[in-house]
Amino acid sequence: MTVSPGATLAAIRERKPLVHQITNYVVMNETANATLALGALPVMAHAREEVEEMVALAGALVINIGTLSPHWVDAMLAAGRAANAKGIPVVVDPVGAGATSYRTETAKRLLGEVDVTVLRGNPGEVGTLVGADAEVRGVESISVGGEPAELAREAAKALGVVASVTGPVDHVSDGETVLAVANGHELLAAVTGTGCMSTAITGCFLAAKPDAPLEAAAEALAAFGVAGEDAAAGARGPGSFHAALYDALYGLDPATLDERARVS
Amino acid sequence: MTVSPGATLAAIRERKPLVHQITNYVVMNETANATLALGALPVMAHAREEVEEMVALAGALVINIGTLSPHWVDAMLAAGRAANAKGIPVVVDPVGAGATSYRTETAKRLLGEVDVTVLRGNPGEVGTLVGADAEVRGVESISVGGEPAELAREAAKALGVVASVTGPVDHVSDGETVLAVANGHELLAAVTGTGCMSTAITGCFLAAKPDAPLEAAAEALAAFGVAGEDAAAGARGPGSFHAALYDALYGLDPATLDERARVS
Amino acid sequence: MTVSPGATLAAIRERKPLVHQITNYVVMNETANATLALGALPVMAHAREEVEEMVALAGALVINIGTLSPHWVDAMLAAGRAANAKGIPVVVDPVGAGATSYRTETAKRLLGEVDVTVLRGNPGEVGTLVGADAEVRGVESISVGGEPAELAREAAKALGVVASVTGPVDHVSDGETVLAVANGHELLAAVTGTGCMSTAITGCFLAAKPDAPLEAAAEALAAFGVAGEDAAAGARGPGSFHAALYDALYGLDPATLDERARVS
């Protein structure tokens, strides 16, 4: 299996997979718009009454714990189990794990009770979940011991997932191989929810390439990073950058994406 | 009663009606901003504890089932009945009806227990509610049997509402007359929540013209479509289009709107 | 203590305080982005299960009642008490107080059970809470008897808070001194949530200057108003203004802010 974000992007635009997202209140509009701009179809549904039926229509399930409460956790677990039963890939974003025990415990429950395909988080969040010496303040990764490439590899092994650890350089690992992705722009850190968007886009790529989650996760981050680079070109700050980010996702060119992707 | 989006828009801007919206988490900010940019006043309130009191202050009630849960359904029904008791027009947007039985059943309950003035949906959603052969994936209309003009007429008759069925050309019917609205732009489909915005704007027009819901609903779609055309003029993609859409709603000129509206 | 929005802004950017926000669904993304663009770190968390732990990490707590429900009220009260116990400043935004009794009563409960540092609202909301002859329609202040400077002074005295009453000119008082802030732009009223953003930014300034809430609250409004003036420069309407507002907050220059601030 090769890494080709361009080919997978072309497949997303052709098939338009439905990506079911159970995500936080802060970024719902943003991750839906990023999904749509990329070329997939988002659907947000969080009621226990409908998540199992909804996820059965989807090509991937995205679970994001950014604004938790007990009813939402129940629905996340139910949707995750239903996705597993149908063989639908599941991405989990453990937003703020390490900041409060409720978030840490919920992320651990999800990893324990659902077969998670890709775990996408920052170093502090992922470090927390593998017992590393990590500090998370709110939803920001403050510090984590060790090298990020090693953290990705260890998390993948320990948790039985593809670990996708984002930062200035992203590292994606299945426990053996580590792919480093060096695309992106610093303005991504000045807009809330760009991490959550990268998780949603990981869901889109997984839906189009479910049999190669390592490659799909790395491709997603490369594509999102290239869009960030394009959006930064004319931006005057985080507001104009944010609007331009959807333009850039919409305008991503499958024909040139592979050569612009900095995956190693 | 004549169709004059310009005259109704002028009335909205003069009277600034309050439009009470019980809508989904994904688009709350967007429909509030669209309402405000047009010239009306939005208020979002969903607690059972206050919806009846809030709706009594409003010129129209907008109910949108995009992200449902049981407490919200209770509040929607209570607000709808309170609006009925006061003679306040009610718009319902059955987002995702047909995708899950929870959405389909909730839309049917609303139509059964509340006297709905306008039902605004896509062909798949409206088709589902009249028992047509419709397919809805997530919140997208995939297919529906028959002609959209006939679907609008049949839905209006069967459900006792003004049916406002949007698509490349929109069709609005009271069961007898069918008005077709041919304004809009394809970028509207690349931004999440534009359907929900058209529903909110339908609420604004109804608040200003409560005695002519057929005309008000068609005028709303024409005004929103013209704004979409203006927004597309300088847009580089869905992000810049989205920002420009509020500029365009704010800049809509009542004096030229009637001649730009393509209602037949 | 002197009024220097530039010095406090520089402190915010250096220390990057965490600002815990329990706010409404409509504006969560917007207040998070405003916080981040200014230079502080936002975190949104509303579950009873985690608010006390989360607020303990924060430099300020922002409570906004824009879309209430009972579970949220419980969490607001618990977070407020936990903030009090730790000496963390608390800002309350009584969105829509006066429109429904649920909102009015909840605002009063917060003021009664939590030691509120700054109350930031419009004249109708603040007037309602001190028993003035005020009218609120939805979340808009329609009218209030008396002068706004006097209203701020009286509210501060009666409620034991710093009262921050925003309008064409803002008035901030601790019950003795009244500071008037004359920055801003009329387009701020055409975008939903700008009042909520000013509350969030008040939280940022309080986190950096907790011992001088009168000055911090006035500085926050001056900084936000200057950003509004900058954003309006190239705006074509509320959509482009909204995007430019984050650019302007990000670009605020501590070195020139004091001379641009119109505080008297």
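Note that the chains take the letters A, B and C in the order they are written out, and that residue 1 is the start of every chain.
What we mean here is this: a residue touches a chain if its C-beta (ideal position, glycine included) is under 8 Å from a C-beta of that chain, and two chains touch if they have at least 3 such contacts.
All values reported here derive from a predicted model rather than from experimental measurement.
By the residue-number overlap criterion, the interface of chain A with chain B counts as different, with under half of its numbers used by both chains. Chain C is reached from chain B by a rotation of 120°, derived from superposing Cα atoms (nearest 5).
If each chain is reduced to the centroid of its CA atoms, chain A and chain B end up 32 Å from each other.
Those residues of chain B in touch with two or more other chains are numbered 25, 29, 242-243.
Chain C contributes residues 24-27, 29-30, 66-70, 96, 99-103, 137-140, 190-193, 235-240, 242-243 to its touches with chain B in the complex.
By the touch criterion given at the top, residues 18, 20, 25, 28-29, 32-33, 36-37, 41-47, 49-50, 53-54, 57-58, 71, 242-251 of chain B touch chain C in their complex.
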